[in-house]
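You will see subunit A twice below: alongside subunit B first, and alongside subunit C after that.
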Partner chain A sequence: MSATGTARRGPGWITRTFVHGISGWLTLLTFIFMLAPIVVLIAFAFNSGRSTVVWTGFSLDWFAKVWSNRHIARALNVSLVVAIASAAIATAIGALAAIAITRRQFPGRDVLGAALAAPLVLPEIVLGVALLVFMSYAGVSLGYRTMIVGHVLVSVPFATLIVRAAASSLDPQLEHAAADLGANEWQTFRMVTLPQLMPALFTSFILAATLSFDNLVMSTFTSGVGTTTLPLRIYSMLKLGITPEINALGTLLVLANVTILFLVMGRYLPLMLKTNRR
Partner chain B sequence: MTKSNLFLAASAIALLAAGPALAEDLRIYGWSGEMPDEVLADFEGETGITVTFDTFDSNESMIAKLDAGGSGYDLVNPSQYAVQILINRGRIAELDHSKIETYDNIGPSFRNVSYDPGNRYSIPYVWGTTGLAYNKTCVDAPITSWKSLFDEKYKGRIYMLDNMLAAYIAGLQVNGFSANTSDPAEIEKATETLIAQKPLLAGYNSTNFADLVSSGEACIVESWSSSVLQAIKDNPDVVYVLPEEGGTMWIDGYSVLTDAPNPDAAYKFLSYILRPEVAAKTTELSQTATVVTASRALLPADLANNSAVFPDEKTIANADFILDLGDAMKFYQDGWTRVKAAQ
Partner chain C sequence: MRRALRERIETGAMLAPSVVLLTLFVLVPLCVVAAFSFALRDPYGAVLPGFTLDNYRDLFQSVYLLVFANSFKLAATTTLLCLLVGYPVAYFIAFKAGRAAPALLLLLLIPFWINFLIRISAWVVLLGRGGLINQGAMALGLLDTPVGMLGTYGATLVGMVYAFLPITVFPIYAALTPIDRRLVEAGADLGAGPAETFLRITLPLSLPGVLAAALFVFVPSMGVFAIPVLLGGGKEIILGNLIVQLFLEFRNIPLGAAVSILLLAFSGVGILLYMRALGRVEAMK
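Up next, the complex of A and B:
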C-alpha cells in the first residue's frame, strides 16, 4: 500500500488511500451505481416466485416462459431485422457523407455537415411525430419501411461522426500514391480508402444497430402492423406489472450486449495496441 | 404496350382479389396480457386465419397511431373513454351485430354501456375495477375508504397509481365528487388534495405496486384489480377492495376499424371470443373477468368466487365510469402537472 516500503503504516496512509486515490474510488462507486441495478435484475430473473422484490427460490421457469412466448420471439425477430437493416443503411450513408465532407470541396459542405448532425440535437419525439405525420400525408403505410427510415434518421448522425473522425485522420498521400500507380477513383476507394476505414465502419454499424435495437420513441411512432419491436413489447407488458419474465428477458439482452461488446473489443484491442506501438 | 399494361393490371387485380382467399390475415392492435396467446392460437387453428397481435402501452398512443390513418389494423382494443374518442374521429365502424353469432352471450349489464349505448361501435370484452389494495399485517381494521390513502398513519408506505386519470379517481371521490367530473372547481379541489397527499406518499407507481404491497414494503396502494390478483393468490394477507366512495370500473372492448382490410375475419374473431368456453379460458389465463356471463360457471370455484375479479352487483353499480372528458381534460392535465411538480 505504501510506496515507501516501511512495515509500519505511515501517518499519511488515510490521505494516500482515500484522498490521492479519490479518482479510483469514484470510478468504483460509479461502476457500482451503474451495475448494481443490473445485478439485481439478473438475480430476480431466477426467482421462482412472481415477485421482483421478494426472493422465494431458484428456478429457470421464467426463461422457459420467455422462450415459449411467441410474441417475444416475433418481437425479437422484428428488432433484429430493423437493427441490421437500419444500421447497414445508416453506415453506408454516414460513410459516403463523411468521405464527401472530409475529402471533397463543394458548395454547402459545412451546411451538409451540420444538417447531418441535426437529428442529434432535435428531440427524438419531435422527429418521431414529424415522421408519422409525414408518412400518413404521403400515404405510406406504417411497417418495416417506415421504422427502418426512422431508425436510420436516429443513427445517421452517429455513423457520420464516427466515420468522419476516421476519414479525417487518413493520410491523403496514400490515395495520391494509388492514383500515381494508375488506380482509377473507384479502385482507389475500394482498395485503399475503404480498407483503412473498415474499423470505423464496423464501429459505426455496431453502434447504429445497438441504437436501433434499444429504440423506443421512434419505434412508437413508426411501427405498423406486425412490427412491434422488443422494447415496444416490453413497455406494453409493464401495464400488468413487472414480472420476472421481464427480468429474464432483460438478462438475455444483457448477455447478448455483453457478447457484442466482447466481439468489438476482441476486434479492437489488437488494433489499438498496434496503433499505440507505432 | 397498352395491351400488356392492361394485362399486368388485370393480373395484379386478380392477385389482390385472390390474396385474402388463399391466406386470411387478421391484424389486432391491443393491450398486452388481456388476450392470452392460447386463445389466439386456438382461433388460428380453428379458422386458419393468421393473427398478428401488436400491443400498445396506452390508449393515448394507440389513438395517435390510428389517427394518422391507414394503420392497416382490423380490430382495435380501446378502453371505454377511448371508444368515444375513436367514434368522434370516425376511426371505428358501426358494427353489424348480425355477423356476430354469439352476440347474445354478452351479459345484460354490458349491453347498454354509457359510452356506447347498444354496443353500436364496440363489443365490450374484459373488465375490471380501480380501487385499493392493502396488506392486512400493517392495518388495525379493514380498509374501506379512499381516506386511508390520505392518512398520516401510513406515511411513507402509500403508493398511488402513476396515471393521471387513475390518481384523480381517488382525489375526486375522497372529496365526494364523481370521478368523471368536468367541473373545473371540483378538479381544482382534487388537485389540492393530491398535492397535500404528496408528503405521505412513498411514490407513484403503476408497475410493481402489487409486489410492494405483498412484501409489506407498501401498506396501502391505489390499484387496478387485475394487477393484484396474482399477489393475492400468492399472499393471503393482500386484500383488494373497492372503496365505499365507489372506485371506478373499466372495460376494454373490441372495435372494427373503418378502414379494416379484413372486417370479415374481425367478425369471426368477435364471434369466437364471445363463446363461454373461450371467455372462461381468457379469464383463467389473464385473471380478468369477461362480459360473457355464462363463462363464470365454467371457471374453477376459487376464481369464480373471487370478489376481486367479480365484485357483487351492488359494488359495480356504485362504481364510476371514466368517460371521455372532452375539453375538461385540460384542467386535469394542468392539475396533474402541478401535482407531479409539487414537493
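Up next, the complex of A and C:
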C-alpha cells in the first residue's frame, strides 16, 4: 500500500508541478501581462509633461485637453449614435429570428440559424469590403446609414445567440398557464414571455453597443466624410504619435465603461435574482 | 385552418428582417465582390465590365504570395501562442481558482472595456526605446543599452496575443467547467497519474472548446491590419493591409476583390477543418 503510494508520488510530483502547479503561475503572469499595461496607461494620463514614459509630475491638463478637443467630441457623438442605433436594430432583428427559430417550425430553420451565426466566423474585413463595394455600386453614399448596417451585421450573431439561449430555456408551462387563464396569444407574449426575455434582450443590447463602440475594421470601410468614429479618430491620432492625451482619453473610456457596468449590474442583478427565486 | 395561416404569416414576419439583412447585405455584396474579382480594370484600377482571370493570375506573383505566407504565419503563430497560454489559464480558473473564479473571469473582461487601439498604444509605449520594459531591464542590470523592440515581429506577436487571449480563454473555460470531476477521480483511482488523467480524460473532453478558440483566433488574425502597423512598424505586409491599401488608397477594386475572395476561401477552409475535427472529436467519445 505504502509502496504504491510512494511510487505514485515519485513521477506524480513532477506532473503536479508542471501540469497543475504551473497553471497557477502562468495564470498570475497572464493577468499581469493583461492588466499591467492598463495600469501604466492610466498612471501616465496624469503626467504633466508630454512624455508617456518619463514621469515629470502630476497634472490633469491632458484631461482638459481631451475635453476641449472638438474632433474627439465629434467622433464620440458619431460613435454613440451608431452604437445605440445599431445595437437596437441588431437586438430587434436577432430577437425576432431567435424566437422564431426556437418556437416555430419552418423550412430551412437550421440553415437560417447557421447563416445568422456566419458573420461570427467570416473575416470582418471581407464583410466590410463587400458592403463598401455593394453600397458604392448601388449608389448609396457612405455615412451613418452604411456604418449602421455594417455594425448590425457584426453584432447580429451575438444578439441571436444570446436570445436563443434564453428563449430555449423558458418554461412553456408558464405560457400554457397564461392561456388557460384566458390570455390571448399577444397578451401571453407581452405579459409572460417578454418579461422573461428582458434580461437577455438587455444583455444583447449592451454587448452589441459595446462591439459597435469599439469597432475599427467595419468602420474603416463603411464610414463617410464627417462620420469619423472614435476608434477611427484614435487610429489616426496613434499614427501621428502618442501623447498622454491618448492615455487620458483611455482613462475616461475606462471610467465610462465602469460606470455603465455598475448601472447594468445594479439593474441586471435584481432581475437575475428574481428569475432565480421563481 | 385560419389559425395555421395566421401563424405562418406571423413566422414570416418574424423572419423577414433577418433574411433581408443576410441576403441584401451579406450574400448579394459577396456575390458582387466575387463578380468584380473577375472584372477587367482600367489603368486607374476602376472596374470595367468583362471577364478575366488576370486578377487571380496577378496574385500568384511572388509579392502577393509572400503576403499570403506572412498572414498565414502570423495567424498560425498567434493561434498557437494563445492556445499555449490560454489553456493553462482556463484550466486554472475552471478547476483551481475556486471562489475566485468569477472575479478572475471579470478581470479578464476588463481589457474589453477599453478600446483595443488604446490598449495597443499602451504596448507601443511599454516596448519603446525609453519605455518601462527597457528601463526596468536596465535597472535590473539585464541590459546595458536600450533595445529597439518596437517595429519587430516579436512586438507584433505580443500585441496579437494581448488582443486575442481573452477570446481564447472563454471557450476553453466553457468546455472545461462541465467536465465531471468524478471521471478524473476515477482515473486516479484506477492508478493513472495526473499527467495521464489529464491527457486521457480532461484534454480530450475539452477539445471542442480548444477548437472553437482556435477558430475564433485564427480567422480574425488572418484579416488584422492595425496591430502589425502600430507595433510591427508595418514592415511585413499582410492581407489586412493589402486589402485596405487596394480598396482605400490605390482604388484597385478588381484586384482587391480577388484578394478578399481568397481570404474568404482561406477562412472557409479553416471552418471546414474545424467542423471535421469537431466531428472526429465527438465520434471519439
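Descriptive notes on the structure:
In this section, the second predicted complex is superposed on the first by the 237 of 278 C-alpha atoms of A that agree within 3 Å, B and C clash if a C-alpha of one lies under 4 Å from a C-alpha of the other, contacts with A are read in each partner's own complex, and residues count from 1 in each chain.
Here is the rule we go by: a residue touches a chain if its C-beta (ideal position, glycine included) is under 8 Å from a C-beta of that chain, and two chains touch if they have at least 3 such contacts.
All values derive from a computational prediction rather than experimental measurement.
Aligning the two structures on subunit A places subunit B and subunit C in a clash. Look at A:N77: by the touch rule set out above, it reaches neither subunit B nor subunit C. In the superposition on chain A, contact of A:V225 is made with subunit B only, not with subunit C. When both complexes are overlaid on chain A, the residue A:L41 reaches subunit C alone and has no touch with subunit B. When the two structures are aligned on the shared chain, A:I93 is found in touch with subunit C, with no touch to subunit B.
Contact with neither subunit B nor subunit C is seen for A:T259 once the two complexes are overlaid on the shared chain. Of the two partner chains, subunit B is the only one that A:G139 touches; subunit C does not reach it.
Within the superposed three-chain model, A:I242 lies in touch with subunit B and with subunit C [touch as defined at top].
In the superposed model, A:Q187 lies in contact with neither subunit B nor subunit C. Comparing subunit C and subunit B on the residues of subunit A they touch gives the larger count to C. By the touch criterion defined above, A:S168 reaches neither subunit B nor subunit C.
Only one of the stretches 6-14, 24-32, 42-50 or 60-68 in subunit B has C-alpha atoms clashing with subunit C after the fit on chain A, and that stretch is 60-68. Common to the subunit B and subunit C interfaces on subunit A are residues 51-54, 132-133, 220-221, 235, 238-239, 242.
For subunit A in complex with subunit B, the touching residues are 49-54, 69-71, 132-133, 135-136, 139, 141-143, 220-221, 223-228, 232-233, 235-242.
Those residues of subunit C whose C-beta lies close enough to touch subunit A in the complex are 7-8, 11, 14-15, 17-19, 21-22, 25-26, 28-30, 32-33, 36, 85, 88-89, 91-93, 96-97, 104, 107-108, 110-126, 128, 130-132, 135, 162, 165-166, 191, 193-195, 198, 215-216, 219-220, 222-223, 225-226, 229-230, 239-240, 243-244, 247-248, 253, 256-257, 260, 263-264, 267, 271. Across the complex, subunit B meets subunit A through its residues 27, 31-33, 37, 41, 52-57, 61, 64-65, 68-73, 206-212, 214-215, 217, 226-227, 230-231, 234.
Listing the residues of subunit A that touch subunit C in their complex gives 8, 11-12, 15-16, 19-20, 22-24, 26-27, 30-31, 33-35, 37-38, 40-41, 44, 51-54, 92-94, 96-97, 99-100, 104, 106, 112, 115-116, 118-119, 121-127, 129-134, 137, 149, 152-153, 156, 160, 210, 213-214, 216-217, 220-221, 230-231, 234-235, 238-239, 242, 246-247, 249-250, 253-254, 257-258, 261.
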